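Shared chain: chain A. Partners: chain B in the first complex, chain C in the second.
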Partner chain A sequence: MKLKQSDLWMGLAILAAFFVLAWLPLAPGADGWLSIVVPITMYTVLATSWAIFSGPTHYVSLATAAFFGVGSYTLALGLESLPYPVLLIIAAILGAIMAALVGWATLRLSGVYFVIFTLGLAELTRQVFTWYQNNMGGTRGSYVFTDLTDAHIYWQLLALALLVYLVGWLINRSRLGFAIRIIGGDESVAKHSGINVAWSKIVLFMVSGSVAAVVGAILAPRFVYIEPSMAFNPQLSFMVVIMALLGGTQRLWGPLMGAIPFAFVWEIIASNFPAQTTLLMGVAFLLVVFYIPNGISGVLIRWYHKARSKPGVSHE
Partner chain B sequence: MSSAVLLEVRNVVKRFGGLVAINGVSFDVHEHEVLGLIGPNGSGKTTMMNLISGALPATDGYIAMDDKLLTDLPTRKIARAGIARTFQLVRVIPSMTVLENVMAGAVFGHKKLWGHALAVYAERQLERVGLVGISHKLTADLTYIDQKRVELARALASDPKVILLDEWLAGLNPTELQTGIELIRSLRDDGRTVILVEHVMDAIRSLCDRCVVMSTGNIIAQGTPAEVLADPQVIEAYLGEDYE
Partner chain C sequence: MKLKTLSTLVGAVTLAGAAVFSASAMAEDTIRIGAAAPKTGPLAGGAAVTYWPNVELWAHQVNERGGILLNDGERHPVEIIEYDDRTNPTETIRAVQRLATSDGVDFIIPPYGTGMALATAPIFDRLGYPMINVTAITDQTDALTARYDGVFFTLGKTTPLAQGIARLAADMKANGEVGNRLAMVNVADAFGIELAEAARGIFEEEGFDIVYSTSYPPTIQDVTPIINSAQDADPDLFVAFSYPPDTFALTEQAQVSGLMDEVDVFYTAVANAFPAYRNRFGDGIDGVYGVGGVNPEDPAFVEYKEAHMAVTGAEPDYWASAVMYSSLQVLEQAIEGVGTLDRQAVTEYLKNNSFDTVMGEWTFNNQQISNYWTVGQWQNGDFYGVGSFGDMEGTADPM
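Presenting the complex of A and B:
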């Protein structure tokens, strides 16, 4: 399929936006609000890559924390022996391998088993790392000493976000993207159309897992000291799901629409009700699922169609 | 009718736990014929279709096409070998446009198109089944009959050697039925082989070159529609013993 003129303009607009965003850390007083901008960028990358797999397949993955943690630990454990960029690549590969194994083992099963398995996976990896550090490593946690500041982390996340959008866009235009939409619509039709259902799902899950692992590696220096309960925090997985669903998973830009508002809301919740965060996260989840099942992007798309077409014609 | 055997079904058994749905069935399907698979409800017709398309694995026996064993292949490879189907309960993807639904048949299987060629090709399949000017509608907004047409267009899009139609004519009004019958006949004229499960007797009489009649998992008669419909065993299976 040829590149449309509108795609080209969209691409240029996105590049321009990233260029502007890249100057953010140089603005006056940036240190203060980088502390909220870094998590927003992180969650945008995680939720967008989560939606690349879970959006079309409707398989809700709670494994983000597992990939993230493996990425963080790759960096923490390898920092003394290997150069930093190599560690990012290793994190990406480990994330992809882990996703392939999990996918191979579970994606043949129905959705519910997959959700439970991915939730268990994060816990399992956490326990394995804890056990290893207790019995073999000598210490509980690891120090991550680098010269990287919040600005460096932000720039890396921004570059990764650009890469995720590019990959997501390419997938959407590809046979694989078409295959995964058919699979999400009706697996039986997909099989009878000649689609390798398991393989398609595994490839997309690998993309998603690999990105989450790289995010974990990039974020590790920010923790300075990491231990399993931080690196494999299940709350991260739930946050990603809520943000992606709040934003909507039908478009690539959907999760962004969820990550930005929810990160601010979460900041308010965490500072005012530190003891009730889990409860309030559950409430947020219910509100999203009940009131905006197609997310903010879904609402925007509906308004757009309403404005364009005659009244009464719905595109739901 | 004297043409070569395309599809061989041999001693096929399908058990669901203790229930024997297909009990050692054997028959041949010849090239370029319309074969009717008929029989009362629950006789195993749809199960047989599911075994041929690979939707279900056979418990025993085998199915082969052109000397290629289909029985052990995954569904997608059976599709790629050139077998396409429609479903008894129509299966279209409601969130996709009509054109996308049809395109789905011609990308990954027997036919591997993409881009502009794919769109043009899919549009032609839609014309073939009598759907014009609605290709950008969402399939969810179509009537049941039109959804069935979309499903047939998707099956045709894969350019199959064998096409399985599971009660595709059910629910059509008399005019639509006539068009439907013509359409299926034209598939045979294209050189395709058609296996259809059908209850509409008019369609069976006018379309089928041969019929295989099933009852409770067994074949009870084979032959031309006139022959099998006159067979006392067939009449008994359909209407019960006391029918005069």
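Presenting the complex of A and C:
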């Protein structure tokens, strides 16, 4: 596994980009920016980690909200007794364990059953937490009082994004990444080639779940008051899927291309047509599905190839 | 085609980016007031009763007077800038931020609902906007006011609200008006759990025998088993810390099964004080207890109710509506008291003065209003406050 020179330059360019982005909270008028940049960064991290698993395997996971909620409550419940960084690690471990259990139970099933199960998972976890609060916890874990501002949350998300890109890149280059691409292509072929199909899928799902749980933990201080309906909001799972698909899941940077335009279009709609957000968003989705089914990154890649080929020669 | 779509999209994004981040031009003579609350999502129904009509009524009345009187000797009309937060705290945070930075409003009416209000408290604090909360009910008000200098609470804390019915029942038991056997149920969701937990302690302390106790999920469809089990336990009191859909369902089923006639005290919680509750059940709920209350005979409330109906076409509820309107009166009086739009000065003014509202005279103590209705009762089509925390004038006798 040798590093190509182009990879090295790419890595340096990405590091430079992150370095520049890290200064954003110090820019003038940053408060206004941050309240839109924090969700963008959050969705980028969630959608990218989602695509690491769901992109190559084509298993659509709607469990993001379940992992996110577990992370949020890990932080809320532990904040009084444990230091903050430890809680982030615990959240990551819990997310991975949960993903392993769910993956072990369901990833042998075919895609449709998996989708339904993961959708139910958020509701199941939410009920378990509610049961806990109702019978033992009382209001414990409902309040998160910290001094963390949007800037702190943004920096943490940025660091996590860098980590996710690194992990995603490493996976792509590894035997696991190769195996998972074969599985995505044809599962039977993969099995016959001696690939441990279930194990490969579970490992990737654990990466994805663990990242979502950490994001939940990082975001918890932003909301001060945590309710199950908010922490386990199924809408989050759908938003992540939509953004990842809008951006395209073929490349690691695809979901980023989805999260940014999505957030800006949403902002336009919300500030100009505050009463019609849901309607206009639905129309926007229809247009996306009909006109750019391969995602924005797919379109960009095609442009790139077109530009490199001789004029007049079409690849379509 | 695809190329075209994408370029259109990119164009739209660029244009909108410019529109969003350039501060909109401000008219100099109007006072701009922001409001962010649900128009869609789970809490839209509650906001449509308690929040939006009062914003509309207040703005209408202020502008009818010509506006808010400032030091320049002129009246400045108010302009309301509204956002739908879709009952999603992330959206609420963004909406409040947008109001403060892009729209540059002078004041912001706090969001609706505890979760969404508390999520924005740090923003109000950081940007220096006074925040006079109404529909934010928590036991953590002391921690919050200590933390955030300009954050105020008006509708009460969770524990006294839940204990309102428990204290009232204890008094009635001491007078021999009600028996000892209590059936208590709660919706297993944030606020329902908090209320139930707070009330249970008092009920046990006061020597009530809890003969039936259960919780149910907020998504419950059929409450028949709950009412039947409660009825089998032969209670003297039925207390439900419920949410809007189940408040209605439990009441209806209790009427059908006869439980409501068998018990001496029948209590449901959130949305009990909504006019829709009375409109649905009519005389059938005479004597039913619920959380909250008003003094419906108070001339100030009667006048407020008439204005509310005339301007918005709907009746106010019998708990938070009048408090919501009062919070806006307080804001108006504080701005007039200061005479400028200096938000820091308005916050200070709020802390150090008394205000004349439809809920009576308000003085903030530790940034909180510490007298409020906790339990009320339907009597001949009106909902009367029968128990309060602190001292409320015009407490009615339970019938």
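By definition in this document, the second predicted complex is superposed on the first by the 283 of 316 C-alpha atoms of A that agree within 3 Å, B and C clash if a C-alpha of one lies under 4 Å from a C-alpha of the other, contacts with A are read in each partner's own complex, and residues count from 1 in each chain.
The working rule: a residue touches a chain if its C-beta (ideal position, glycine included) is under 8 Å from a C-beta of that chain, and two chains touch if they have at least 3 such contacts.
From a predicted model like this one, the values you see are computed outputs, not experimental measurements.
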| item | value |
| --- | --- |
| Touched partner set for A:S193, first chain B, second chain C, both or neither | first |
| Superposed model, chain A: greater residue contact from chain B or chain C | C |
| Which superposed partner A:S110 touches (first chain B, second chain C, both, neither) | neither |
| Which superposed partner A:G29 touches (first chain B, second chain C, both, neither) | second |
| Which of chain B and chain C A:R181 touches, first, second, both or neither | first |
| Chain B versus chain C as contact partner of A:S309, first or second or both or neither | neither |
| Set intersection of chain A contacts, chain C complex versus chain B complex | none |
| Residues on chain B engaged by chain A in the complex (per definition of touch) | 53-55, 74-77, 79-80, 84-85, 87, 91-96, 100, 103-105, 107-110, 114-116, 138, 154, 158 |
| Complex interface listing, chain C residues touching chain A | 1-3, 5-6, 9, 12-13, 16-17, 19-21, 39-40, 42, 82-84, 86, 88-91, 93-95, 97-98, 100-102, 114-115, 118-119, 121-123, 126-127, 138-140, 143, 147, 158, 186, 188-190, 193-194, 197, 215, 217-218 |
| In the complex, chain A residues that touch chain C | 29, 31-33, 35-36, 39, 127, 130-131, 133-134, 138-139, 142-143, 145, 149, 222-230, 233, 235, 261, 264-265, 267-268, 270-272, 274-275, 277-278, 287, 291-292, 296, 299, 303 |
| Sites on chain A touched by chain B in the complex | 1-2, 175, 178-179, 181-182, 185-186, 188-197, 315 |
